[in-house]
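Both complexes shown next keep subunit A, but they swap its partner, so subunit B is in the first and subunit C is in the second.
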Partner chain A sequence: MAVRIAVAGGKGGTGKTTLAVGLARAFLSTGEKVSLLDLDVEEPNSHLFLSDLREVNRRQVISSLPAVITEHCVACGRCKEFCHFNAIVVFDKATVLEEFCHRCGGCVLVCPERAIVEKEVVIGEVIKAVGRGLELVSGWLEVGQANPGPVIREVKAEQVAGDWVVLDCPPGSGCAFVESVEGADLLLGVVEDTPFGAHDFRKVVQVARNAGMRIFAVINRYGMGNGDGVKVCEEEEIEILAKVPFSEAAHRALAQGGDPYSVSPDLKGILDWIRDALLERLER
Partner chain B sequence: MRPKEIVVVSGKGGTGKTLITALLASASETKVICDCDVEAANLHLLLKPEEVSSQRVRLGMVARVDTGACKGCGRCWKTCRFSAIEERNSRAYVIPELCEGCGVCALVCPRPAIEMVEEETGDVLFGQSEWGEILYAELLPGRGSSGRLVSELKGRARKRAMALGCSWLLVDGPPGLGCPVISAVSGADVVVLVVEASLSGISDAQRLLPLLRRFDVDILGVANKCGISEDLDRQLEGWLEEESIPLVVKIPFSPDIARLYGNAIPPKDLVDISALANRIQ
Partner chain C sequence: MRIAVPVSAPSKEALMDEKFGRAQWFLIYDSKSGRYEVVENPGFEASSGAGSAAVQTLRDRSVDVLLAGNIGPKAKDLLAMAGIKAYEDYSGRGEEVIRQFLSAQGGQ
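== the complex of A and B ==
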């Protein structure tokens, strides 16, 4: 069985993508088969650091959106009454407000006139790219679509070959994050050593704990904060696998899309260290 | 008069939205400040409000199964679009984290064995800071209604700003471009687009822009963490120019700023955003 590692942080910009891509490379360098899933479908970025991959497949994510057949609608208001998301307004006819609709299909079921049907709409894309033994599957939410959930699910449903599956998760601690980590074997937190990083990571930990996941942490930009990130891990009894010091040189290289595994020997060493620690903890 | 609504967004996380919001707060006389990043609220950690009052809000619903009444016919789990109901021990079992609260299962259940109950969404908090009144919210971890919490929070902040006769309602937006961002931006007069001068920062802002364009708002550009590479700076500026978005403030990349900020000290003396404040005025 493949091991699924969810890389998450809560706060945005803590280095999730850097660690996810870097760790995937580190596993790859020991001859392991690795797949990387970019689940931050609102703003996917993993591909920016893997510019040498070649796209092999691209498919659309389709969802159904209710549409009112106006000739059949008698404006009885049942659909509006049912909809829990206030996504239907009824004047002389019913109208669906696309931005609010969660595509539950309820209005179609309740309409006594069968005046609501579902039409298909594209809500995103799943793109697969391969190269240097690595497989990357990224999800792209169509801009203007509100709900990333179905696109995240589609990325996760993609058949992947890796024995190690690294999940680059979205920021936050809401539904997109929950969808992303669901089914993961362990959560690797990328935590900024600041009050912000600590506060946001705590929420992530709660979700992961509820799901019964093992949790490890990496402190990023160590030395730039007040120590709260380390403190929160100690309080939550989460093992810190590495403390990555802030390096201006690495920062500059990564900002320009450098591959985390090759921008600096120090960073490479840390990524190898984290990989080995995970192998050991998982008794692989 | 209706206060001017200013929303700070960037697409990517960690680009300096919260920092810019805080500095803008210090640049205006009368305002209410509102942190719409309800999944990872950070502004209050920087502004350190006092006498914070908190209120639990219930904005969503969740399905609850009466296992005694359930016969395990399976209509609910076959109909649920969100894979939020499973069969466990021949009975329906709701996975609350995945349930969107749509009520379709309760609708199709012939018994009926499913009831829709209100779900706690999170807390709305309100406090006084040296920089102004701040409203923020903490989504309960894992809850699905962050967009609704954002709308609720913003509604309250708007009322408060009106009541106080403020000239500004300052909003720190969430990352991404989904539901919470749409809720945060809707109703805005001015959007401050913070673009980090990195490949991901630029690329994320570029993806966000078409969404912002759907709203009737003025967009002002702020470039943050500049000077890492001339190439990136040029790319960033070129793009904003192409899109006719004025670049109002450029903030250099500086470990000193990051260090102060990392200790929750607003780096007031290191970053000058007066041009942005003036422009909004």
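== the complex of A and C ==
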């Protein structure tokens, strides 16, 4: 059985993608098969660090949304009364508020005038690329679409070959995050040593704990914060696998699309260390 | 003209409720008849779309103007769609708020 590692940061910009890509490469270097899933579908960026991969497959994610045929609507209000999510208002005619709609399809069924129909819309794409023994599956949410859930599910449903599956999770601890970590064996938190970083990581921990996941942490930009990130890990009894100091040189190289595993010997050493620690903890 | 204020109790002396979409009641004043009425906002404990339920209620009661503390961006869009004029930064008791508005309007 493949081991699924969710890499999550809580707040954005913690270096989560760097770690996810770097860790994938570290596993790869020992001859393991690795798949990387980019689930940060609103801003997928794992591919930026893996520009030499070759695209092998691309498919659209379709979702259906109710649409009102206004000429047929008699403003009876049944659809609005039915909708449990207040996703329909009827002023002169019914209007579906897409951002609240959960796509249950109920309004389509209850409209006596058949004035609501399911309309299919492309809400995103799933792209698979391979190269250097690595397989990358990225999800892309169309601009203007509010609900990343279906795209995340499609990425996770993709058949992957890796013995290690690294999940680059979206920031935050909301629905998109919950959807992303579901089914993961362990969570690797990338925590900034700041009050914000600590606060957001605590919420991530709550979700992962409830899902029964093992949790480990990596403190990023160690030495640049006030110690709150480390404190949270201590309070929550989460083992810190590594404290990564900030390096101006590595930061610059990464910003130019450098591969995290090759930009600096220090960073490579840390990534190998994290990989070995995980192997040991999982008794693999 | 019909004017609504979100209130924290079902009375015209009640304090305005800061959160428009989540207020349990609306005090509605009809300037033609000079009468007040209170309606319940079905969105007050909705887990989703509280604002849309609130705007729907106002629209169903033919409200023309909403006076509130603050109104979220989504609710503002819906109010505009419903043709309800919305004004923010009000506070105080329901009846007072309505009087303040009317006197600023030139004592209609």
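Definition applied: the second predicted complex is superposed on the first by the 269 of 284 C-alpha atoms of A that agree within 3 Å, B and C clash if a C-alpha of one lies under 4 Å from a C-alpha of the other, contacts with A are read in each partner's own complex, and residues count from 1 in each chain.
The working rule: a contact is a pair of C-beta atoms (placed from the backbone, for glycine too) under 8 Å apart; a residue touches a chain by one contact, two chains touch by 3 or more.
Computed from a predicted model, the values in this text were never measured in an experiment.
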Contacts of A:E99 with subunit B and subunit C, given as first, second, both or neither: both
Which of subunit B and subunit C A:E42 touches, first, second, both or neither: first
Touched partner set for A:G269, first subunit B, second subunit C, both or neither: neither
Which superposed partner A:K80 touches (first subunit B, second subunit C, both, neither): second
Which superposed partner A:E248 touches (first subunit B, second subunit C, both, neither): first
Residues of subunit A touched, compared between subunit B and subunit C (which is higher): B
Partner chain in contact with A:G183 - subunit B first, subunit C second, else both or neither: neither
Footprint overlap on subunit A, where subunit B in one structure and subunit C in the other make contact: 84-85, 99, 102
Subunit A - residues contacting subunit C, complex: 80, 84-91, 95, 97, 99-100, 102
Touching residues (chain side subunit A, partner subunit B) in the complex: 10-14, 17, 40, 42-43, 45, 48, 82, 84-85, 99, 102-106, 109-110, 141, 143-149, 153, 170-179, 182, 192-196, 199-200, 203-204, 206-207, 210-211, 221, 224-226, 246, 248, 251-252, 254-257
Partner subunit A, residues of subunit C touching it in the complex: 43, 46-50, 52-53, 55-56, 59, 74, 78, 81-83
Subunit A-touching residues of subunit B, taken from the complex the two chains share: 11-15, 18, 37-42, 45, 61, 79, 81-83, 97-98, 100-104, 107-108, 116, 139, 141-144, 146-147, 174-182, 196-201, 203-204, 207-208, 210-211, 214, 225, 228-229, 231-232, 253, 255, 258-259, 261-264
